[in-house]
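Across the two complexes that follow, chain A remains constant while its partner is chain B and subsequently chain C.
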Partner chain A sequence: MRAAVTLALVGIAIAALPRLAPAYYVTLMLPFMAYGVVLLGLNLLFGYTGLVSFGHALFIGIGAYTGAVLTTRFGIRQMELILPAAALAAAVVAAPVGALCVRYVKIYFGMLTLAFGMVFYTFLLKFYKLTGGDEGMRMLRPYLLGQSWEGFSKTAYLIGPYYYFSLAVLVLATLLMWRIVRSPFGLCLKTIRDNPLKAESLGVSVPRYRWYAFMISAVYAAAGGALLATPTGNVDPTLAYWTHSGNIVFMVLLGGFASFFGPLLGAFVFIFLQDTVMSVFPYWRLVFGAILAVIVIFAPGGLMGFFARRTVTPVSRA
Partner chain B sequence: MGGVFHASILFLVAAGLQVVFGVQKIFNLACGSFYALGAYAGASAVAYFTGHGGSPALFIVPLALGGLAVGLVGVVVERGLLRFVYDRDETFQLLLTFALVLMLEDLIRMTWGTAPVSTGGLYLSYGQARLLGATVPVYNLIVIAASLAIALAIGWLLTRTAFGRIIRASADNREMAEALGVDMRWVYVRVFTLGTMLGTLGGALVIPATAAMSEMGIELIVEAFAVVVIGGLGSMRGAFVGALVVGIFRSVAIAVYPELEMLLIYLIVIAVLLWRPRGLFGAAAA
Partner chain C sequence: MILEATDLRRLYGAYVALDGVSLSIREGEFVSIIGPNGAGKSTLINVLTGVLAPSAGSVRFKGRDISGIGTVALTRLGMARSFQLVQIFPELTVLETLQAAVVSRLGLGARFLASLAGHGRVQSEALEVAALFNLRDKAHTLTRELPQGDKKLLDVASAFALKPEIILLDEPTSGVSTGDKHAVMEILVGAAKRMGLRAIIQVEHDMDIVFGYSDRIIALHQGKVLADATPAEIQADAKVVDMVVGRRHRAGVPRPAGP
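Presenting the complex of A and B:
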């Protein structure tokens, strides 16, 4: 009950934000919502299936470049078409990549995903004619709900229609993921994480379920990547670089991978904290590296871990 | 020959990665950052040396010493951070080294600024040599020879000394080694510092041939990572062969079809991981 009230209040606050807060903070919410979608997917793999991908930026890159290619090369501007196209592109790539990666666990899974991520990164960087090389490509302002919103200035567009569109995507993605993790399929993933041998003996095909989880998380990452490209208006290869993969794993850990909403909290705190730190001190990586070290050593449960410790849960649902 | 020069640098960094993974079972993403740190420290040491009237012909001495000295940061990192996570899941260990990557990158920027740092024109101060019809800077040959010597020294250390036996025993079975009276804290500090110093030395030695940039570490880590995957995690012989494979393929690819450069390396990595997940020289069992 308390959780439902908290959620409702957070939802109202986010919906009302463009009317209350300065435009600058509202635009900061856009990457939060985009990363929120990415992290929901990543945590299906990390928190629920127990596989840590160090190459997930690959799929963010695929989503973002799908948006850029469609808007600039093919004149397809409708966001309602770009998102499914990004998801489809990610699924096409994730099917073979995932099938190979899920044969391994732990460090080998991490390394293989990192290698695939870097393959895509070098492809983006070196095939200049197709991808624009290190300068990347422009992402034109997408149409939303069939309208071009030409009359809006860039900021008005971003804090108005685009904000609510992103929010709607995030809410839908959250509801869908909520259903997924509560479904028999989601429970199978948790069993695989906790005891793969037992899962296998209960008749769960471990590699196949891991593969499904990989595909779903890739689709989420691509949808988030497409959302992420619009506010910056430009996509470049660093979106697919391995440190970007590391940063999104960092966000999940910051919020707490053991909790459903932890990754969303992580994305929110990461983006706003990064903005704050950068405004007073140019070396944000130093601060964030120290934060990550402290979390890893002292608080592996992340920020959600603090809440969990205070509220007494009668039945363990982890 | 450029490929072999690159391979000998890669070998040093990868050897540092391997010895740490072999004993502490930690895949150190920060080995590339140590390499960058060594590069900057080496360049600074050379600048100080020549600035105080040192002979340019001897620049390799402060270069190597600067690289080795900054490697002592390994002691701080091991005692200050890593020792807390030996019992944790690999994921957390990996993320802790990622935290180090972030911190070191900015520490380097704070100390040395963002402009590339180089050792000026010292690279060719040993002249050039003609070898197999190609002109090669003598400095490259010195580094290749030094790297080979270090490879032999590590081999000797691991197989012929008491410390080497302790390292191999700890890598095989930590509990048993501890039960036999080996103080693991002592082994871990030394092994990690050895690994760090190999990385920083590699960075210092590469610097006359190029310039130090703050991104060089995170770029090198993916190559060093390719080396250890091809060679097999934790294996010194693997690091040696892997470094040669990566160094040579890279220079061939650059000469033949530049677009393929790193792409080719990653495709080899993926092929090796699929065909022999433990690498060419990896242990047979987990």
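Presenting the complex of A and C:
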């Protein structure tokens, strides 16, 4: 009950934000919402299946580049088409990549995802004619709900229609994931996370369900990636770089992977903290590195760990 | 004949873990496999449950060759197992653990958007099994918070929730206090009757349990079947008693009373 009230209040606050806060802070909400979608998917793999991917920026990149290619090369501007196309492209890549990766666990899984991420990053960087190389590609302002919103300035577009469109996508993605983790499928994932040997003995096919989870998380990451590209108006290979994969894992840890909403909180705190720290201190990674160390050592459950049912001990996750 | 193993051999390098083991399990039997450490019991269980392929020989379950077909496939065919070292899902509740088995048996695992809580059959079957194993009151307890004895029971209960035709129990009372062992076995045998299991195989060290519940005992020694007989015949066999059982359980020595 208390959780429902909190959630309702947070929802109202987010919906009312463009009327209350300066435009700058409203635009900061856009990456939060895009990462929110990415992290819901990443945490299906991390928090619910027990697999830590260090290569998920690959799928963010696929989503963002899908948007850029469709808007600039094919004249497809409708976000309602771009999102499913991004999801489809990610699924096509994730099917073979996932099938290979899920045969491994722990550090081997992490390193293999990292490797595929690096392959894709290099592809983006070196196939200049296709991808624009290190300069990347432009992402033209997408149409929303069939309208071009030509009359809007860039900021008005971002803090108006695009803000609410992103919010709607995040809400939908959240509701869908809420269903998934509470489905029979979600239960099977949790058995795999907790004890793969026992899960198999109950007839749960461990590689198959890991693969499903990998596919879903890739689709989420690509949808988030497509959302992420619009505010900057440009996509470049750093979106797919391994440090970006590291950042999203950091966000999940920051918020808490053991909680459904933890990753969303993590994305929110990360974005606003990064902005604040960067405005006063040029070496934001120094500060964030220290924060990460403190979380892992003292608060392995992340920020949500202070409220959550599942307690997390780093040793048991080793 | 439900389960039949013929001339099983299993080598680890030059070491012979199973050296021509044959056995058969018939309808309605409770069979115990005993033997000292290193006799090949664990290897035998792993071969019988399709985890390990035998180096030679074959295992047939309901007439079908199941050598090395893997755990998941075997579960589908109707064989379940529990583990010597208790295997649980620490972050799931008792009910969720049993639900997972029911979901798996009913083939609902790929339902991405169905509501688990809203699935009446999964709920009721999981609760039924919980009740059979005296775990109903703890249905919403996190498994890692259960006492050791209940963890062991849940490990077995979740295998039962698969409604298998045959179940292999690897030391079902290991880690259970001596006073509780018979209670655990009574629950287990009672549940097997209620759920209509066709056979139970257990590996067990506790000879009170072995002689108290078995229809037949298979004694392994150095990878070979030393004896395959009823408890009374085993007790009368001085060689088997000396090598495997221990003298306290020789024929004529009164067996300790049950619970």
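Quick note on the criterion: the second predicted complex is superposed on the first by the 308 of 318 C-alpha atoms of A that agree within 3 Å, B and C clash if a C-alpha of one lies under 4 Å from a C-alpha of the other, contacts with A are read in each partner's own complex, and residues count from 1 in each chain.
Criterion: a residue touches a chain if its C-beta (ideal position, glycine included) is under 8 Å from a C-beta of that chain, and two chains touch if they have at least 3 such contacts.
As the structure is a computational prediction, the values presented were derived from the model and not from experiment.
Contact with chain B, but none with chain C, is seen for A:K106 once the two complexes are overlaid on the shared chain. Applying the stated contact rule after C-alpha superposition, one finds that A:A13 touches neither chain B nor chain C. Chain A is touched at more residues by one of its partners, and among chain B and chain C that partner is B.
Touch criterion met: A:F116 reaches chain B, while chain C stays clear of it. By the touch criterion defined above, A:V249 reaches chain B but does not reach chain C. In the superposition on chain A, A:V296 contacts chain B only, with no contact to chain C. Contacts of A:Y212 after superposition: chain C is touched, whereas chain B is not reached.
Of the two partner chains placed by superposition, only chain C is touched by A:I180; chain B is not.
Once the two complexes are laid over each other on the shared chain, residue contacts for A:V52 go to chain B alone; chain C is not touched.
When the two complexes are laid over each other on chain A, chain A has no residue in contact with both chain B and chain C. Within the complex, the chain C residues that touch chain A are 71-72, 75-76, 80-83, 87-92, 96-97, 99-101, 103-105, 108-117, 119, 122, 142, 155, 158-159, 162. Here chain A touches chain B in the complex through residues 52, 54, 100, 104, 106-108, 110-112, 114-116, 118-119, 122-123, 126-127, 242-243, 246, 249-250, 253, 283-286, 288-293, 296-297, 300, going by the rule given at the top. Interface residues of chain A facing chain C in the complex, by the touch rule stated above, are 176, 179-180, 182-188, 190-191, 193-195, 197-205, 209, 212, 216, 309-310, 316. Remark: chain B residues 27, 29, 81, 84-85, 88, 90-92, 94-96, 98-107, 109-110, 218, 222, 225-226, 229, 233, 258-263, 266-267, 269-270, 273-274, 277 touch chain A in the complex.
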